[in-house]
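In the two complexes that follow, chain A is the common piece, with chain B as its partner first and chain C second.
Now for the complex of A and B:
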């Protein structure tokens, strides 16, 4: 939030008089304005000689504040914008798409938790290939543990291209593979930087390009956050929630489906539960738990939490290859 | 003698008393478990529970009760027909779930013989549905700055909406009030020589929120509902949560929170400025 001085050229009523008055009450930036009692400020301004000018200036700062937040919408506008912008992306696994009532939802942050080698990365790679093929869009894969495998994706895309219902798409393996972007991120600060760069590039895209970004995968978010959690200070939790909010903002404002993976830890009673603790529970829209039968390729997915469905429903899918 | 006669004379009849009270303190039609508490406009209620425990669901049901009309086209819906202002601080609100629940309520109110209705009535249902949804006002915030900015500029918005619809706002909902708790806690105040500058920290943000709420409730009395996830055993890791069978709080000041057959320890973590304005703490 900018210092009050920088608002001078935009709002003529914010003159040096107002700045001086505010400085005498310890207000130098818009943030200070936010934590102060404005009615008391106006009452104090009344006692000044130039009260009219001061009150106009305060009103103009309030106008500036009004533009800083998301505008108020009523239910009808909200429903229309959701129906217009937020679609479902099929993952390619029929059972999972039925379970999630259409697949990964744009505008939602979906968390996939599971123990090691339960098929999380395979699911992500498969979903990336399927989405890039079906929707002719681009997919961004943020890889934190060197688990991205282009061989796996090309195998999957070849299978899709060879399938009988290819239609007249005329796609090539190279075209689809080049729309799947992979980026390695090994610590939380480079994650912040990558996400900020992404936000800048998305907000500066004026026209709809050929391959619009529709799916963002982070595999896995827990390996970035677990090293910084713990300890007495709140910094670890704060960074974790900051990442959560940035991902949600990207999902909602730019209509992306965001999929993050998490590992599991042993909870009370010997049951495994997703890692990252209680504060993380309020971040994702949908939480899924993955488990895999030993010695087989069948994976079982169950819903831990969903914004509009009851928990506990399950579905199975098979990993091939 | 005259003064005694004046004193005995009645001021108003029981009917006019009931009319006056129902206008000044209208009934709130809250879903269970809130319907048992003596709440009225001007109270601030916090709904606490571990995640997931249907806290947002309670808010949604209360909102639907509020936006439905009492009676429409001859069918009794039993709503309050007032506006609801919803702050989505967690950014997890699902509007399609709201619309599905609203449609289910409308169909249920029409009763079992709704299947024999003619085409025209589905159009009327649509009109009712849209009218109800227009009474639901929504805003989303990604951080405390946006939240405070929205709170400070809420009054003109309230004014415009009330005048536009001709009815007032009955509920103000925050889901969830502690969304930015960790982020704000980690703010380091700038060390500056200026003594009267308030540091931008969790304390000052909470105090500013409480101040705005107090002033808002003075002029527009409404019921404030806020959800908050219970962070169980803050200083302890998950495997150290002790289970207590007794209901007395332990020496560390933790309160027992019952969840089925198990009882967990829950500790209040919001600053005292917020706790002071609460009417009661509902334990889900």
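Now for the complex of A and C:
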């Protein structure tokens, strides 16, 4: 919460008189203001000589506070908003779309965990190509390990363009691939900066190639967090949870489907479990575990956590090419 | 934007938060001396803090949805002209899509004696093949942690590389020009060698590389042989090891992307027991296996050396045989190939 004196420039009614009055009651920041008994404060302000100015100032601070939080919604409004805005994005793998009851859900943060070379990046590239093609929208791919392969995307889009049932003319490889953006991020602070920029762009309703952004992929979030997690302070943990919250906020506010990938570590008993620890477990809405059969192109996906479905169900898909 | 998302050190962040500065606009119209008095720090530190804050505050709506993002189409057009660093073995180049690619980290692991260092030295020489003859014409950085780099072997490999180019050129009659430009000493002079004796030196070198490469301006490959050595013995704190290694990998990724060069990390093997059976896997654990973009595992198949591409974002997983000869890394059948004289 900012100190009260920084609001002086924005709101002229918060003048030095008010600041002096508040300081005499031990109120220096907006936080102190919230904690204090407001009725008492107003009553004390009445007794002062400049009570009108003081009460105006207090009302101004209260208005400022009211603008800081999201407006209240009731259950009916929430349901309407969900039905209207939060659609499912098909990933292009039929088995997976059936498993997820429609695909990647807008407004949700989906985590895909798996051991090395199990097909996570391939799944992300495939989903990006399919979503950009099917919904004529934009996709943003944040890449932390230089594994964004434009070749694989072009392969997938060409297959989709050649398939007989989508009979739209005039769509080119260039057009579809120009709506898939890729950006490399190598540490957690650049990630915060990038997400902040994204929020600025989305709030001013920017569009890429006249199409709306509907899918955000981060491959992989664990490479950004592993260098800072653990160690002496809790800073790594708090940064990890903060990035999770920012992603979820972006998903809900702007109706994005957010897909992040995570790696696995060996847990007790030799089983592999998703990395990033216990605190991260509650952050994604949906958690999926991927594994690949030895020496084959078949990948198996199972549900570890889902907000509206039972866990443990599995499906397979094949990586072609 | 909030303070915790800016790159401050933990002590700076703690001081800022306890003084009540949580949002960017808390700093508006604040002078360095006032901030220094408030936080109880030196004026220099206060002006550093204000500099970070003003930089963050200057973020305007970027031209594209995120500044610095490229469309997949632009990347595809760029990649069509991207060069690969040949390994001098056609089969190996085949499974790698032409050779070691730039902008990516390739991890090469295998049992001792399989030829990892040989491959490293071969790549350090091959990156210098001039652009006219299909190479990158760049310089190499070789970070040696084990002491296995032998200059005499590099000399031998460089000589054979020049000989191969001359043989190819003989067929097109440009011999004179070629001889002037290629010389073994020039090739050796373009391999920058760092000898590392502890893990802290390894971290220090990686941190220093950015400045070094900005000054040198032509480095196209960084080889670390091996990245494992100083992290295996006497390293008790495994959590620290994971943190240090993942930070190292991310820094190398940034270097690879920023300067458009290839990074090759050589790794050793270890035994893993799963359900009572023992298996050879690459060292440094599960978390490290996610750090690289591509992974090649070298192994013995009977009497033959083979390479298996274990991880790649754009190529199918496949294997190819190779051999280590006096000339360096070559294809298996090359010893039986006769030179064409026409």
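One rule holds for everything that comes next: the second predicted complex is superposed on the first by the 269 of 321 C-alpha atoms of A that agree within 3 Å, B and C clash if a C-alpha of one lies under 4 Å from a C-alpha of the other, contacts with A are read in each partner's own complex, and residues count from 1 in each chain.
Assume a contact is a pair of C-beta atoms (placed from the backbone, for glycine too) under 8 Å apart; a residue touches a chain by one contact, two chains touch by 3 or more.
Keep in mind that this is a model prediction, so the values were computed, not measured.
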item	value
Contacts of A:122 with chain B and chain C, given as first, second, both or neither	second
Partner chain(s) touched by A:37 [first = chain B, second = chain C, both, neither]	first
Which superposed partner A:314 touches (first chain B, second chain C, both, neither)	neither
Touched partner set for A:158, first chain B, second chain C, both or neither	neither
In the superposition, chain B vs chain C on chain A residues touched	C
Partner chain(s) touched by A:235 [first = chain B, second = chain C, both, neither]	both
Chain B versus chain C as contact partner of A:28, first or second or both or neither	both
Chain B versus chain C as contact partner of A:192, first or second or both or neither	second
Intersection of chain A interface sets (partners chain B, chain C)	1, 28, 31, 233, 235, 238-239, 242, 265
Residue ranges of chain C in contact with chain A within the complex	1, 4-7, 10, 13, 20-23, 25-26, 28-29, 56, 59-62, 64-76, 79, 103-105, 239-240, 242-244, 246-247, 249-251, 253-254, 256-257, 274-275, 286-287, 289-293, 295, 310-311, 313-314, 316-317
Footprint of chain C on chain A - complex, ascending	1-3, 6, 9, 28-29, 31, 115-117, 121-122, 125, 138, 140-141, 144-154, 173-174, 177-184, 186-187, 189, 192-194, 196-198, 200-202, 204, 206, 208, 213, 220, 222-224, 226-231, 233, 235, 238-239, 242, 263-266, 270, 272, 275, 295, 321
Chain B partner contacts - residues on chain A that touch it in the complex	1, 25-28, 31-32, 34-39, 62, 65-66, 68-76, 78-79, 82-83, 233-235, 237-242, 245, 248-249, 252, 265, 267-268, 277-279, 281-282, 285, 305, 307-308, 311
Of all residues in chain B, those that touch chain A in their complex	50-52, 67, 90-100, 130, 132-143, 145-150, 152-153, 157, 161, 176, 179-180, 182-183, 185-186, 194-198, 200, 204-205, 207-208, 211, 215, 229, 231-232, 238-239, 241
